[in-house]
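Look for chain A in each of the two complexes below; its partner is chain B in the first and chain C in the second.
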Partner chain A sequence: MKVIFENVTKKFGNFTAVDNLNVKFKDGEFVALLGPSGCGKTTTLLMIAGIYKPSSGKIMFDDKVMNDVLPKNRNIGMCFQSYALYPHMTVFENIAFPLKLKKMSKDEIKKRVMQAANKVEIGHLLDRKPGQLSGGQQQRVSLARALVKEPQIMLLDEPLSNLDARLRINMRAEIKKLQKDLGINMVLVTHDQTEALTMADRIAIMNNGKLQDFDIPEELYENPKNLFIANFIGNPPMNFIDVELVEEEGKYFVKNEVIKLELPESSRERFDFSSCSKQLVLGIRPEDLTITESKCNTLQAEIYVVEPLGRDKLVNVVIGERKYKIIAPPKFNADTGDKVNISLNFAKIHLFDKTSEGSIRRNRV
Partner chain B sequence: MGLIQKDRLETIIPRVMVYVVLVIVSLPLFIAYGWLFLNSLSDGAFGGIIPNKFTLQNWRFLWSEVRIGTTAFQSIWPITWNTFVLAAGITVIEILIAALSGFALSRMKFAGKDLIMKLTIFLHAFPGVALLIALYIVLQKLNLLDKLLGVILVKVALELPMATWMMKGFFDGIPWDIEWASYIDGCNRLQTWWKIIIPQLKPGIAAVAIFAFMSGWSEFIYAFTFIYSPENYTLAIYLKNLIGDFKMLDYGLLCAAGLFYMIPTILFFIFSQKSLMKVSFGGVKGPN
Partner chain C sequence: MAPVTERSVMLERDAQLEEKNLFQKLKDTCQAASFLAPFLIMIILFFAVPVILTAVLAFSGMDFKLQWNFVGLDNFIRILKDPVIPQVAANTLVYVVFTCIINVGFGFLLAVMTAYFIKNESVGLFFRTLWLLPRMTPSVVYALLWIWFLEPTENGMLNIIFKSLFDMQPHNWIQDNPMKVIIFANGMIGASFGMIVFSAAIKSIPEDYFRAAMVDGANDFQIIKNIIIPFLKWPIMFATIWQTLSLLTSYEYILLLTDGGPLFDSEVLSLFAYHKAFANFEFGYGAASAMVLVIIGALITLLMLKLFGYERMMNPSKLGN
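Up next, the complex of A and B:
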């Protein structure tokens, strides 16, 4: 089933929580809604569920306008951030509740509840009350309750945020597998970019109620459209340097008080220098920086601290006043205060207009 | 003196002080009730401190007709039943309405909601006694004068604002997520109210019910004004009539009847302390 937002805006009083959202989820797609806290993710989810009505615009499932359809008639399963289990019912009764409302037979209910409970491995907890469960167990009960209806769309609001690290990594895979097995639409809300990148087919990234971009994870990572996306996606985060663009003797340079780098010829194809402003932000990911011997077209930096990450090392350096992060091979060794040269992988640099914050990358044809 | 002993002393002293204060505060009450109890079992003590001979005579109203001077009082049991009907009627109607109106005020968005909220508080602040004459006329017109139902309706009307506010406070305490989850699971509003909200509201309902029952049980002024046939009397009126003739006042009998009147109240308090503790007003304001 396709889910389509057409000019959807949601206001609370004067406050715009979701601002003119236009997006289309494909049938059977796993979509992540990613953004910082308060950017309107939950509001968007609740509009799909029918709990909130859009202030304006249309929400469609396939070609049916859903604005006025009640939540109970939408065939949706939802896990709330707070789990929202019914405290006065046992785990079994919680999971059975949607089926009871559908007036299913007792045997059928029992069969389905057992199936759903076993899928999330809580078969042994069916007689307990939610108050007697740990956060992770409650989480899985709420998943089972959403699953048991065999909904067409599953909505998950920060489902993993309260789990410990190991369980979270396991559940990530479990949920993804589940979605692929069932072939249903899944919308996952998260503020954790790793979760979004690892689980979703496509990511809708939001900020301040506005959709920033909607694309596959690789594309968001490789070609962020603006500074916000560049900053939000990637861990450790991208390094940013404020620079000025100058042209000398037919060559382009970026420079500030402490650095001056020549941009290679090929960058003219990637970036549109002719129409952009001169004040730019250069972005480069930690893995696209290397520590070298060469002094040619490199940055001069001082080691601040080295953090071993296991597989490799995260080197923090200082250039001028500001700190930057570099991924170095595990054998790299240096002490605080050592002077090093850093070269950039110019094919992987990003340039953003400082005022508009948009990338000055040319649109590919 | 060892350090440990000193520490122990420091934790014990405040506790002892708390008990001392509590005992001082509650002693007069204890003495009063104790005196009442002893007097109800003693013969001929005229408000004396030390009871006289033991007797059950004062409790004779339980099994026989009571006469004071020339007045004969009818059996107390139908009157007790009337009092119970009055209190229970008030409780049931009040709970039913307050549970629905509290839900609406807490959860739904509609025009004039704020106005209604303010008006209910205003109504509550309004002294009910000032309405006595107006209510008398209204009841007369409705043909509800001298009927328990009339008193029940008046009491419910006057207490409903408070009960609604209390209920709203309890509804406010239930997270929206749980309600939303039930809508998504397939409930309509009424089903959500009945299957999800009300079960979580039991302590709140109990508290409101206790207050309603108590105030119904001890209701005097409306019952006394609106009811005049002896077969519709309640215990409060019965007690009032016992005192009616000061020259003939039988204190032993009055003590016993007063105690009898208090028994349900005391039992209620003993069994419902926990629920009463949970009463709170206002509470968190949810979205919408």
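Up next, the complex of A and C:
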């Protein structure tokens, strides 16, 4: 089933929670709505569910306008951050609740509850009350309750944020597998970029009620469209340096009070220098910085602190007044205060206009 | 050297504390007592003493001469034999049960209306305040309003309404339906209590449960049945016990509306005790009737707490996780 937003705006009083959203989810797609809290992602989800009505614009499932369709007639399954399991019902009754409301026969209900429960491996817990279950088990029950209706679309509202770190990693994979097996649409709301990047086919990244970009995870990571996306996606986050673009003898340089770097020839193909302003923000991911011996076209930095991460080391350095993060191989060793040179992988740098915050990258054909 | 200094200071303080311990305990006790004293004195003066006096009085034949002549169980035997007692007991039962049903049931309905159906907080608050007005009005004024409303002449408001609608002759409402009138009047005013308790409880149900139920396909009625009522089990129980007890002992609206009449048609046990003591000046007999009421109240409380499971109610929050 396709889910289409056409100029959808949702206002609460004077506050615009979702601002002119235009987006199209493909049939059977796993979409993540990603953004900081208050960005409008949950509002968007609740509009798909029919709990909120858009103030203007249209929401369509395939060709059908859904604006005025009640939640119960939308054939959706939903999981909540709090799980929202009915505490006075057993696990069986919880899962059976949507079917009971549909007035299905007892045998049919039993059959389908067992199916759904086995799918998420909670068949042995059916007699318990939610209060007697662990967080992970409650999570599975809420998944089963959503699945038992055989919905066309599953909505997940921060489903993993109440689980402990290890369980979260397991459930991430399981939910993704479930979605692939069932082939239904899933929409995941999360503020955790790792969840979005690992689980979703495509990510709609939102900020202040506006859609920033809607693309596959790799593309958002490799080619962020603006400063917000560059800053939000990636862990540890991208490093940013305020620079000025200057042209000297046919070569482009970026510089500020403490640094001056020459941009290679190839960057002219990637970036549009002709029409951009001179005040830029240079962005580079920690893994695209290397600590070297060479002093040629590098940054001079001082070690601030080194954090071993196991697989590699996270080196915090100071350039001028500001701190930057670098991923270094595990064998790297340095003491606080050591002077080092840092080279940039110029093929991976990002340049953003300081005022408009948009990338000055050329659009690819 | 810093940690050592810190540690020595701590040790010194511990020693001082030890020394102070006994003195401190005494001081703490005195302090607590002084905070409790005003309330304790009030309770002793206005509750404990009257209760004991009433209990003692119940075994005396004190009348308007105010003499303590102890008569043993005579008063209680007299209650058992009193020809009006069966009617009074039946009235009490009807009054308490039906008023309680209106109080809790209508209170629940009002709460659902103002806290669930009306999503706008200030509109809901407005209607709740409206329903609280009678409670803020002095009882006498409230009762007078009912008396005017039900006035038996053709100028009574209800009579005017019925005349214009059905062309009915004036009706003496209070005289003809004394129990219905007092139950209705008491129910209307008592409902605001349940309304406040229940609407607060409804507001405290996490929004996710309503959303989950809506997505699961529940309509408003099913949400009330499957979400609101189960979540409100404990507040409903609390309101029921509370209202039962206060209805058993309250008689002011009955006194003002019908004064138990006509004859004994709307006399309840608490009003009976009042009449015996302060109308007939049979203080001993009145006290004995009041004692019976206290015993009934205590029994009902115990029974209800047992029935609903008091310990479970006192457990930590039943909401959410």
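Here is the rule we go by: the second predicted complex is superposed on the first by the 365 of 365 C-alpha atoms of A that agree within 3 Å, B and C clash if a C-alpha of one lies under 4 Å from a C-alpha of the other, contacts with A are read in each partner's own complex, and residues count from 1 in each chain.
By our rule, a contact is a pair of C-beta atoms (placed from the backbone, for glycine too) under 8 Å apart; a residue touches a chain by one contact, two chains touch by 3 or more.
What you are looking at is a predicted structure, and each value in this text was computed from that prediction instead of being measured.
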{"item": "Clash-or-fit label for the pair chain B, chain C on chain A", "value": "clash"}
{"item": "Partner chain in contact with A:G358 - chain B first, chain C second, else both or neither", "value": "neither"}
{"item": "Which superposed partner A:P308 touches (first chain B, second chain C, both, neither)", "value": "neither"}
{"item": "First (chain B), second (chain C), both or neither touched by A:F12", "value": "first"}
{"item": "First (chain B), second (chain C), both or neither touched by A:G38", "value": "neither"}
{"item": "First, second, both or neither for A:P330, with chain B first and chain C second", "value": "neither"}
{"item": "Chain C-contacting residues of chain A that also contact chain B", "value": "46, 49-51, 70-72, 76-78, 80-82, 84, 86-88, 97-98, 101-102, 145, 149"}
{"item": "In the complex, chain C residues that touch chain A", "value": "206, 208-209, 211-219, 222, 226-227, 230-231, 233, 318-321"}
{"item": "Chain B contact footprint on chain A (complex, rising order)", "value": "12, 46, 49-51, 70-72, 74, 76-78, 80-88, 97-98, 101-102, 145, 149"}
{"item": "Parts of chain B lying in touch with chain A, wherever the complex brings them together", "value": "175, 177-178, 180-188, 191, 196, 199-200, 287"}
{"item": "Sites on chain A touched by chain C in the complex", "value": "46, 49-51, 70-72, 76-78, 80-82, 84, 86-88, 97-98, 101-102, 145, 149, 155"}
